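What follows is chain A paired twice: with chain B in the first complex and chain C in the second.
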Partner chain A sequence: MIRHFLVSLIFALALPAQAALDPQLVRQLTDEDSGTKVTAIRQMALAADPEAVRVLKAMAEDNLFVAGSQVVIIEGEQAFDAATGKPVKMPASPESPTVNNRIRGELAAALAALKLLDADRAVRLQAVQALQRKAEPELAPLFERALKAESDPQIKGLLAIAKAQADLGNKDPAVRRAAVMVLGETTSPAIRSLLLPLTEKAREPNDRVRYAAISAVKAIDGRLSISENLGRVFTGLSLGSILLLAALGLAIIYGVMGVINMAHGELLMVGAYSAYTMQSIFRTWLPDYIDWYLPAAIPLAFFAAAAVGVLMERTVIRWLYGRTLETLLATWGLSLILIQAARVLFGAQNVEVSNPSWMSGGIELLPNLILPWNRIIIIGFALFVLFLVWVLMNRTRLGMFVRAVTQNRSMAGCVGVPTSRIDTLAFALGAGIAGLGGVALSQISNVGPDMGQGYIVDSFMVVVVGGVGQLAGAVWAALGLGIFSKLLEGWAGAVIAKITILVCIIIFIQKRPQGIFALKGRFVD
Partner chain B sequence: MTPRARTPYTIRLFSMMQRGHWIALGAFLAATLVVVPILNLVVPEGSAFHVSAYAITLVGKIMCYAMVAVAMDLIWGFGGILSLGHGLFFALGGYAFGMYLMRQIGRDGSYQSDLPDFMVFLDWKGLPWYWSGSDSFLWVSLLVVAVPAIVAFVFGYFAFRSRIKGVYFSIITQALTYAAMLLFFRNETGFGGNNGFTDFKRILGYSITAPETRLVLFGLTALLLAATLLFARWLTTSKFGRVLTAIRDAESRVMFIGYNPLWYKLTIWTISAVLCGIAGALYVPQVGIINPSEMSPANSIEIAIWVAVGGRGTLIGPVVGAFVVNLAKSWFTVSFPEYWLFFLGLLFIVVTLLLPQGLVGLWQAIREKVQNTRAGHATPGEK
Partner chain C sequence: MSNRRNFIKATVLSAALASIGMAAHAADTIKVGILHSLSGTMAISETALKETALMTIEEINKAGGVMGKKLEPVVVDPASNWPLFAEKARQLLTKDKVAVTFGCWTSVSRKSVLPVYKELNGLIFYPVQYEGEELEKNVFYTGAAPNQQAIPAVEYLMSKDGGEAKRFVLLGTDYVYPRTTNKILRAFLKSKGVADADIMEDYTPFGHSDYQTIIAKIKKFASEGKKTAVVSTINGDSNVPFYKELGNAGLKATDVPVVAFSVGEEELRGVDAKPLVGHLAAWNYFMSLKNPQNEKFVKMYKEWAKKQKLPNANTVVTNDPMEATYVGIHMWKQAVEKAKSTDTDKVIAAMAGQTFDAPSGFKLKMDETNHHLWKPVFIGEIKADGQFNVVWKTKGPVRAQPWSPFIPGNDKKKDEPETK
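Moving on to the complex of A and B:
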């Protein structure tokens, strides 16, 4: 505390001093002892002198040297006296003072603190943001001074928070309490963890400050949980869109052929590996356009997955018509072969698919709620694919045939729908959509041979809940399941969430065996 | 009431199967209960006739799988319900018995505590309530039967009541075993987490690694497999079995005649689960480990392929299938580990496409063809 007092004292004394720096202080910068160095750096920061900036900067850039009793800054061929800034003769054997990581951190903080008084608004903003993480009690006077000089409301707000953070270490309980009140208005996990020690009697002897801290933490918790839940809903939405892309294809195929394609997850994998292949191609031949590999991967993924789908349909599934349980096993066999083929072709390890630069980063809605661009784009992409599928199913001849076969295969055949060609096309379409889903998945999760395995159960659940043959059902079920499972995961953990959802679905089927949106009609097996 | 002449039970038992089948069963029991123990214990190790401990463990393991396959066949081959979650019941039985073996370790574990090592590791002070009494062999034997039965009954009641069938039922059973696997993977659920139960030392006081114990377990498995086959034979030829087959072939018609398929399906489903649980309990002491990967969906779906390879709707088929596929697996994973999945995948496809009746069906078809050609030779010109 004595140090603290000294600092305040020196700060008060140093305020009017604008000319040369105290040579004693500069000398201390090169002291053997790190503690002494830190004290000197802090004192110079509080002096808020342009000269001090120069010296500290030189020290941070390793341009500060000791030569005998002299402290000099050497820039290229020129040497300057550190305290006065006047050019001096180049010393014979300059020695560099030790600048370890602790000192570097102090230097960065001191330089940032000095930037608080910069003329440029952007520089000040950056400085105050940097200092939020390192608001030492010693810096409080500096914040106060900057606050007085500041006119920009945004920076003023940030400065007030920074000052409050620094004030938390103040000796005066009233100052601490005021600081706690200011901080209670914020919404940030970092500040919450700063306030948390103050809620304990051992750390905060003053009752009033402690009660203020307890209610401040509560207020922050309330606001944090809102944004956390919003974040979960958003993650759920993006998971839901992936599920939607996986389930759309599954639902079309199930609707037309009554077949659950257990290799559907592997079609996602084909799509994801297509993205990886395209990325490799761009890296090798078109490194300048690497950001465009993703749009280029979309058609490749669609056609690659569709081709695999047609192959599967023509060679295996077609011959098992009407034997749905056997088809289940056969498609499982296909999935094993596809997984092993991926292992042979691309190796058993996960491959790295990076986000293009335009997909990295995110929008910061709240201090702890950042919506990443890749997830936003995936949601948009899923909606776009959904729109295309809707147009295809409801506005084209092929779509009409597909719907006809879904509703009544033999009747559709009687009126001239080429059912066997529709089977192939529907399978290709479903597989292609899964391929698109794989491209989307490659942007947010690992790409490896086993990646598709986890999705088959989830996407089948979407089909069960949504009902067969209805796009709307798949959409609501996918988004609902995505959001519901992410919210549950946040509250109860991933495993309980999975089990709860399974139980909910089993109960749901008791009530509505045909799904939310059932096709109306009379069927008997 | 006039007492009606009834066929004595012994006669009914013996008339249940043809003579050839009885002879085959007797030969199987003689081989497993007499010949193999002699070849293992009496014949010296260098001899060509010596049966190694590895072979006994392997065959014992496959016999457990064969029991599971028969259980699967009861529900799939005779009931028309494809379960992709039978690994769950197998593992439940295995875990129940595994806990007994864990308790038998006593204070010989690495922490010298009465609690199993993994609980000491998690800093637990006592057993969780559901494991109380797990040091009693009788109680655990009851658990082996009761836990799969209760889980299967509750799940089956809700699933069959709302008439979930076909692929719907299959996928939901798969989801069930998947969820259970995740649950058992957790450390705090008290099932040993990732590693499951292992490092067993003794069973009923006898060392678990002793050759004699191994042979007793082997013989017990063989006996229970034979009993399972007999029981399945009796069940499928009874009235119950016939209604079940009818439900498989035309559920709606059976309903219209006045049967409620729910109870038939639920009964066979629960029986099947119990058989799996018993097989799991026999599997654990022989293999020496039980962990959550037994519940992975891939394992459960493999059970279906054993049945499919052997031949659904026959009782010997699943046993043949379990042996063929698992011997192939042991050979492949040692000789060509990269090709095992290709082979398994192709097996799924080829069997479903070309051999819907499995190997037993193929055998029958060949035999019929041979008989037909013989008949054709006997009376030439008839065709």
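Moving on to the complex of A and C:
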């Protein structure tokens, strides 16, 4: 009952102003000085005039213009007077007022504050969520009003946090202390940084408030450190999944044939360029379905890279089996040819491969832990490819033959395995998987002719550490290297981390040349 | 017998003709070297400079060339490979005998070619913002010195409109330009009362593509109670994964603004700029500036891109180092005409005090003594379409201080190049 009364009271207060805004105030929005603009925005927010939303929204979207003494909103081809909202003639040379970060932040806060009294629950929820990061002390009365009018428990809770943030600047120590207590229950780095100044004696003279702030910061820190560690593990997993995608194909090729394929990085590049090609095809022919170019690129990348692999195997590598040094040089030469071919076909510059909209942004697990979609999807994709390879190697006839050839080539040949055909197929499979890795890479790094060079060393590290001819080895090595290098990076920086990893691997290979997992059985070299 | 004589005659005659032809040919053109990476990690930034140089040369040739001679561009590709820069520079000077070179982007490439130009007394125009700490007779610097870019940008971040930043992350690629710039900035911040604990410095290798850890570190650093800003000197194609990660991690410009010194319109073409709205860049020119010179410059480049069928020709952009290249070539032309010679020493003398109406909308002047341009400083915020919205600018061109006063010992250095 009381709530209804209050709501109607607010509406009654707002009603007279609804017809038009104060032109003086609107004019101030376009003032040269940012300080004047900020004052005007805050006044408009405090007045809680629904009309203000229209003007502030236009300003936030760069649709507010000044022409002489006139302030207008321009939408498409039509101009409206900012204060009254009535259509006016299009002015000759409209100039837009400068909207910088400070103004943009103020506008977002003001718009959110204005929506706190909206009739729609979803709008109110969104508004109060936008106010969680930073709430200006000036807005405290508005929060109070909204809090009284609110009935939804979730929004009420969030409003209380917003109000507490605004109350931190209150003159009364008791109000400040109550605000600190409310904020101590949250888990957000933004609120932590709001509370920190209150822990200093110079900034907070009242002892009781200060002690409350200190213990609140401690409580937040404890909760934050959990999500920080989770974040570290996630970045390690993400790097590991990329290493795995890059190295899986190499593990098969190196494992089965003992070929040191220096052109492996270029097979990744072929995959990445396939994604680019598919994107261009979709842009030209199917612009409405552009978001789905990536799934379409997966088979293309697999077959394109596999085709390049077969070509390499049939024309060059086939004639050099058993001569490790020659294959090393020959495949290096092939890699140069492939790089040059990409330069001729696509140009020397990097090409732009954009994330589809469903891969942009991230999911906010905790206030300071946002997991980007592209990384989550790549981890999932790596698992999918791994599963596919596992099924192929362990559940199919081809896989059995490949394993047989890996373990003992001449014996496999004796019992009727067509070893040379298996070689070609295994090479094609390894190359195709590299192509799939290339599609994943195109989503997080640059696509250019020599992008493969950066991954060849990492791929070999994974294969060598994991042990030759073992999928499990590659998986453990990729994840281990990923997490280890991310932990090191956090502690010592990217440059030192890279060096340390290489030194560690050299030492590891000295101690255990066969890698983490070694094939047991009789080898014929 | 007669056969043989005829043969000798013919040979002598043709040799004479050939040498006349060659002489005539040499008299017709002035060779101009263009030394920019067209492949490798820096190609993202440098290819456009090559195109600008070729365009400007064509513009000058159409207007009658220099002293009645046509300019003949010699383009080489040092492939983002620093020692190769020196090799190609030597080739330009000794084999092609170019009168002047326009080239280099990274400081490490400039340092690599410097001994060659000093040894052979060549002339090179360097069009990119850099760390200062250098003043060579054979180089003209048409990009910004630290006091024309880095320091105004940080001052802006500390101002009320810039968000009153109190903590700074200095992030860069691991080579001489970011390290020296950050050294200067650290000294500058200290002079403004920022404590060492409030400065975080971090470097990544060239071509680094995984910025997850660094973004997480920035987020943590930003939650320590004071307004934080990031100053980025990341160079080359690493910027694309950096900004992608920044957008995906939800780090907004209103929370933690990033100001970049090597990211312009060209670099943002490869990125979806919507999540980056509000992040900043400090330059001496933006494509979005409104003035007649700039309109002409942008239109000329767009037409050039269409004519040359550059990739994505309909979306080409102009940026600061391109403007600096354009200004540099025109000033060199004016100096040659003033000196009436392409001789290195005469042109150097004639360069002092040259002025040019630049696309930045100001009349830029080559300083009388220190080989640097006077430049205006603009700070722009990234807009959703990848262009910049100028939010702050200096009143007029600023004189360069190649020897930053924030590095100890620099007060004793002379503000002009050593002459042997």
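Criterion: the second predicted complex is superposed on the first by the 351 of 525 C-alpha atoms of A that agree within 3 Å, B and C clash if a C-alpha of one lies under 4 Å from a C-alpha of the other, contacts with A are read in each partner's own complex, and residues count from 1 in each chain.
Please note the rule applied: a residue touches a chain if its C-beta (ideal position, glycine included) is under 8 Å from a C-beta of that chain, and two chains touch if they have at least 3 such contacts.
All figures in this text were calculated on a predicted structure; none of them were measured in a lab.
Residue contacts after overlaying the shared chain place A:L329 against chain B, while chain C stays out of touching range. Judged by the touch definition given at the top, the superposed model places A:G490 against chain C, while chain B stays out of reach. The partner that reaches more residues of chain A, of the two candidates chain B and chain C, is C. Shared-chain residue A:N350: touches chain C; no touch with chain B.
Touch criterion not met for A:R318: it reaches neither chain B nor chain C.
Contact with both chain B and chain C is seen for A:K498 once the two complexes are overlaid on the shared chain. Shared contact residues of chain A, touching chain B in one structure and chain C in the other: 343, 494-495, 498.
Residues 38-40, 43-44, 47, 77, 160-163, 174, 202-205, 207-210, 212-214, 216-217, 219-220, 222-226, 237, 240-241, 244-245, 247-250, 253-255, 257, 269-272, 275, 277-278, 280, 311, 381, 383, 389-391 of chain C are the ones touching chain A in the complex.
Chain A contributes residues 254, 258-260, 316, 319-320, 323-330, 332-337, 339-340, 343-344, 453, 457, 460-461, 464, 494-495, 498-499, 502, 505-507, 509-510, 513, 524-525 to its touches with chain B in the complex.
By the touch rule above, chain A contacts chain C in their complex via residues 34-35, 62, 98-102, 104-105, 108, 133, 189-190, 192-193, 195-197, 224, 228, 231-232, 235, 238-239, 242, 343, 347-352, 354-355, 360-362, 364, 368, 370, 372-375, 444-446, 448-450, 454, 486, 489-490, 493-495, 498.
Put simply, chain B touches chain A in their complex at residues 76, 82, 84, 155, 158-159, 161-164, 166-168, 170-172, 174-176, 178-179, 182-183, 185-186, 251-252, 297-298, 301, 304-305, 308, 338, 341-342, 344-349, 351-353, 356.
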